[in-house]
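In the two complexes that follow, chain A is the common piece, with chain B as its partner first and chain C second.
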Partner chain A sequence: MAEQQNGDAPVLVLRDLVKHYQVPGGTVRSVDGVDLVIGRGEIVGLVGESGSGKSTIGKMAVALISPSSGSVELDGVDLAALPKRRVRAMRKRFNIVFQDPGSSINPRTTVGDAISEPLRIHRIVPRRRIDERVAELLEQVGLRPDTAARYPHELSGGQRQRVSLARALAAGPELLVADEPTSALDVSVQASVLNLVADLQQNLGFACLFISHDLSAIEYLADRIAVMYLGRIVEVADRRDLFERPMHPYTDVLLQAAPVADPVEQRGRERVVLRGEIPSPMNPPSGCSFHPRCPLATEVCRTTEPALRTVQRADGRTAQVACHLVGDDGVRAALPAESVPVG
Partner chain B sequence: MSLTTPVPSVHAPRSAKRSARWRVLRKALRTPSGIVGLTVAIGMVALGLLAPVIAPYPAEATDFGALLQPPSAAHLLGTDELGRDQFSRVLYGIGASVQIGLLSVLIAAIVGVPLGLVAGYFRRLDSVIARLLDVMLAFPNLILAVGLAAILGASAMNATIALAVGAVPGFARIIRGEVFRLRGLDFVSSAVAAGAGDGRVMFGHILPNASSALLVQITVSIPHAVLGEAALSFLGLGIRPPAPSLGTMLSNAQPFLQTAPWMAIFPGLVIIAITLAFNLFGDALRDALDPKGRRR
Partner chain C sequence: MNVLEVADLGVTFATEDGPVVAVDRLDYEVREGEILAIVGESGCGKSVGVLSLLGLQPGNSTVSGRVSYRGEDLLTVSESRLRGLRGRDIAYIFQDPMTALNPLMTVGTQVAETLRKHLGMSKAAARERVVELLELVGIPAARERLGVYPHQLSGGMRQRVMIAMAIACDPKLLIADEPTTALDVTVQAGIIETLKELRDRLGMAIVIITHDMGVVADIADRVVVMYAGKAIESAPVVELFAHPTHPYTRGLLQAVPQRGQHATAHRLKGISGNVPVLRSTAVACSFADRCAFASDACRAVRPEPAPIAGAGHTVACLHPQTEPLLLQKGA
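Up next, the complex of A and B:
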């Protein structure tokens, strides 16, 4: 897979991105100061519990909602500061695939119309070549060209996600945001859609922000992974580093929560199980927002908010983490061992 | 890896499109009220259109040798105080009612639909438009129509305009609600993400998905307009005598209720029939559209 090329400017830079919603009774801090860089041709996985603000980031990255503050820079151009008309012209360079295959395609249009819409809007190919291009795109996502004449309700969920992918990639974007594209699908179909995303990315070379709560999907696909908790990014690391040596206690617990395929191993595993629920983003805890659930929390965690800082591991690779307890070498005390019987 | 996904073969893409669109109609016609309503409504429209062909006498021909005759073979529904054939006048009256009813609803839809789209889509305009609609809705429809007709003067055209104005808020509100419902769906976001402008999103993506609700609103608005036309004509603010209208016929019949009741009964029954037919069909359509599919 493509590594982030040094010296090559990143496709997308999110800088101190904030989205607050005013609701009766207070402010929901859906996204509360997020920095993230996505390199050209890189797949960045964004993982977190529901309500952590993943989807909000995805929608801000493709200018579907505007940030309360901060910037979304595509090739150095801040989308949030651009007039609507200019943003619209730039939309051929980024697109999004949504989670629910049932509602993400207009039920009144044919598959062909859905896929060709970006081509027509941005005049990517001449009118007489549109059908040809649609057939190409359909084949690229593993569907037969005659699917173009069908309506979304005639297709299965997996087929619809393929159509959504074809549509999102029709204009040849540099960046694709995939917002839980497999979460609503059957497990058997999930794998084939994940494979498709990987193949397409390799062939077309677009950068991808892959949002999911499914760790195995993220592990399969992502070059780099960002972990979110309550509107903030708590850790960013290369895939292998994150899975082998998680730095943030939350990442650690999250990985331990994911089941292992081998039942014998699964039964014998020592796991730290989190107590309590994710706090309300309307009233986040003081200091580190994870401290009420963190088994290692100390006084400083309760009072001071940790910034996302860069650490250099012993092997020389860098990563980012927002935790007081992680040293500049990326090392932290182990979580207290606690054997949890698994039913 | 294998990318081939089995695609069930489909032979007639066009029939798929039609089935999606006609499914609701077919479902509505499976209910007694739907089939009766549609049949009677179509029958009434046909009678009105064919009045010049069917009517045995000209609408305004008087016969002073046959005043206030009860129904007979010569005059199926009797005659009025000027000896005019009531059957012929009812037929022409249906034509006038249906014409005014359909035209006023059409005008109301042409004005109300864009208003509702804009109100639902642009939040800033919504408060202004919604307030305006509230003000209009605060007036009882008939009072509004009477006021307008009084200002504009009595004529079929002015009655149509007056009734259309009264029906606009209904259309705007239905469409505005549909926009609110649809705007949050992913395919609308997807259209925006694809680079679609406001016009394309509103007319290409939102409106087609609101067409069923629009159809219902049209169907239930027609009987209101027909009834409104009759009321305006009854009050002398609609179609001007001697031109035939169901409302003016009722008005004429008032002094003769005891001596020639057929003068009131038949136009009255026809008004009821038209109104009931469209209402029944509209209700059946609405039930067929209800996704919960309550079966009764």
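Up next, the complex of A and C:
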């Protein structure tokens, strides 16, 4: 595999990526100019509003759908320049776990066949060792080896999700796009899956775009985190900074909205509810797309679209943010108290 | 008054390798206006258990026990009575929206159909109500999206369409199987508010299956912890988090990643081992093989749920743990 790698070049580079869809009611601007780089062996967390374009980015990153404009480079190769056949061959090195596990595995094949398929197609292990490898993969995701004989419809939601993950990991990818890979798992099973991803990263230099609404999973696993809102990335920061000092007001609101696993504390908390109209990706607001709901918005926010720019914090670390109200040192005024109503 | 009483519920699958007991003598009840959370390990029978209440379990299964909805035994009523109850009195939010929604029907038509079928609304009135419902669950540009198909929506939007469909007819009992897994936490907070508001306004009872302990802490009045098809612990929510007693419940709470922990410096504590596959109803503790406190007695008798100190708290364990639970905090 080494000869295919391109030195220290990033595994994934997204440049000004755009995806628009035509639907009966108009044009949906699903992804609207996204730049993102994932280094070799890096885990990048992608979080943000439901419907902000995360899954669409994930599918473009592994060439399952093509961008309306912009480019995707995998290991230094521009996907648009590759013939389809070559793209399929790359599937071994770049894989995806879909958000909807129910619809991504063939209902007519057994779990064992589904997982061994990539092993056979890409000749990853000798034929006689396939069953052994399938059992090993199943165990890694916390499933019993005898699950191999069962059909997808005989499994629970979380069991199916782990089958998708085992299948995606079978070929030993260099980059995995994992779209909500633990959303159907209870926390104890999730713990083993998160530990597994961390081990792959540490032992094999595996990189991952980890899409999740679970902020605690993201905080545990990601090296860097990108936050999306309405088709754009609004903040990218080191995980140490993002949770301690969110820069974009949306990030701040998002972190505060996560419920705490303690009923007394959670019910005594002030509940964060975003006010203002929910913006539409078919008709995005002028200026900053968060301005109609932002408690700090000023005139410039309504008129001028903020670019994603680099800031340097007091501790020397850099980050990126798209907000007029954040200074070049990454600092912004606190959200006013009344935007965080007492619940 | 109890809206739902589930007693001795059993669901057994016939598979190529013989029977698999997915639900093993499960008991619980839900009062009017109560929000009951069911938590437990992936594959422990949560979904199958609630699907079987209204005869929606997979075909290769048999159901036993008693399910009483406002005094009516749902396991013996006619199929036409069940059809009348489904979607109207008792509504489901299914775990997998992609399989629950019709891929060939537009979102607007799908939600409107529920309204027309159960409430006899006119086409135009149903359409307006659909827009209202989709806005209530926070779908942006709801009116413009009536004509789109499920695959043209994001995962979280599909989930919200299902929620809209489930609450469309103001059901008396809402069964929500992982209803917020595809939602970001701000949208989730809105949905939780909406559900609480429906409970307050209509006295709706809600059974919510979730693995998100934050959601449990936020919304539940009472919690049932399931393991291998059984209720192994049950308590009011504050009591359960303050005094988790069953070793499985404690393991579950300890597995939640804490603020500040990162993979480079910390390893998450799972619960080692797998859930057993039951071939017949358990005659011993199903958790014994994974439990640090198990004794010979645990492998010889099945622990039955029994009350312990703390109002409304029951646990099925021979070695209930009473030490305070220490959660390891991150750096």
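The rule we apply is simple: the second predicted complex is superposed on the first by the 292 of 343 C-alpha atoms of A that agree within 3 Å, B and C clash if a C-alpha of one lies under 4 Å from a C-alpha of the other, contacts with A are read in each partner's own complex, and residues count from 1 in each chain.
By definition in this document, a residue touches a chain if its C-beta (ideal position, glycine included) is under 8 Å from a C-beta of that chain, and two chains touch if they have at least 3 such contacts.
As the structure is a prediction and not an experimental result, all values here were calculated from the model.
*Asks:* With both complexes overlaid on chain A, does A:122 touch chain B (first), chain C (second), both or neither?
*Replies:* first
*Asks:* Check whether A:205 is in contact with chain B, with chain C, with both or with neither, and answer first, second, both or neither.
*Replies:* Neither: A:205 stays clear of chain B and chain C.
*Asks:* Looking at the overlay, does A:327 come into contact with chain B only (first), chain C only (second), both, or neither?
*Replies:* neither
*Asks:* Counting touched residues of chain A, say whether chain B or chain C comes out ahead.
*Replies:* The partner that reaches more residues of chain A in the superposed model: C.
*Asks:* Per the contact definition in the header, classify A:192: touching chain B only (first), chain C only (second), both, or neither.
*Replies:* both
*Asks:* Of the partners chain B and chain C, which touch A:92 in the superposed model: first, second, both, neither?
*Replies:* After superposition on chain A, A:92 lies in contact with chain B alone.
*Asks:* Classify the contacts of A:268 with the two partner chains as first (chain B alone), second (chain C alone), both, or neither.
*Replies:* After superposition on chain A, A:268 lies in contact with neither partner.
*Asks:* Is A:153 touching anything from chain B or chain C once the two structures are fitted on A? First, second, both or neither.
*Replies:* Both partners, chain B and chain C.
*Asks:* Please indicate which partner A:21 is in contact with in the superposed arrangement: first for chain B, second for chain C, both, or neither.
*Replies:* It touches chain C, and chain B stays clear.
*Asks:* Identify the residues of chain A that lie in both the chain B contact region and the chain C contact region.
*Replies:* 99-100, 103, 142-144, 146, 149-150, 153-154, 156, 158-159, 162, 192, 195
*Asks:* Using the touch definition up top, name the residues of chain A that touch chain C in the complex.
*Replies:* 21, 23-26, 28, 47-51, 55, 99-103, 142-144, 146, 149-150, 153-159, 162, 180, 183-192, 194-195, 198, 201-202, 213-217, 219-221, 239, 243, 253-254, 257-267, 271-274, 278-283
*Asks:* Within their complex, state which residues of chain C touch chain A.
*Replies:* 13, 15-17, 39-43, 46-48, 58, 95-99, 138-141, 143-148, 152-157, 160, 178, 181-190, 192-193, 211-218, 220, 237-238, 241-242, 251-253, 255-263, 266-271, 274, 277
*Asks:* For a test of understanding, state which residues of chain A touch chain B in their complex under the given definition.
*Replies:* 59, 62, 64, 88-89, 91-92, 95-96, 98-100, 103-108, 110, 117-118, 121-122, 141-144, 146-147, 149-151, 153-154, 156, 158-159, 162, 164, 167-168, 171, 192, 195-196, 199
*Asks:* Would you tell me which residues of chain B are touching chain A in their complex?
*Replies:* 1-5, 7-8, 10, 13, 16-17, 20, 185-187, 189-197, 200, 205, 208-209
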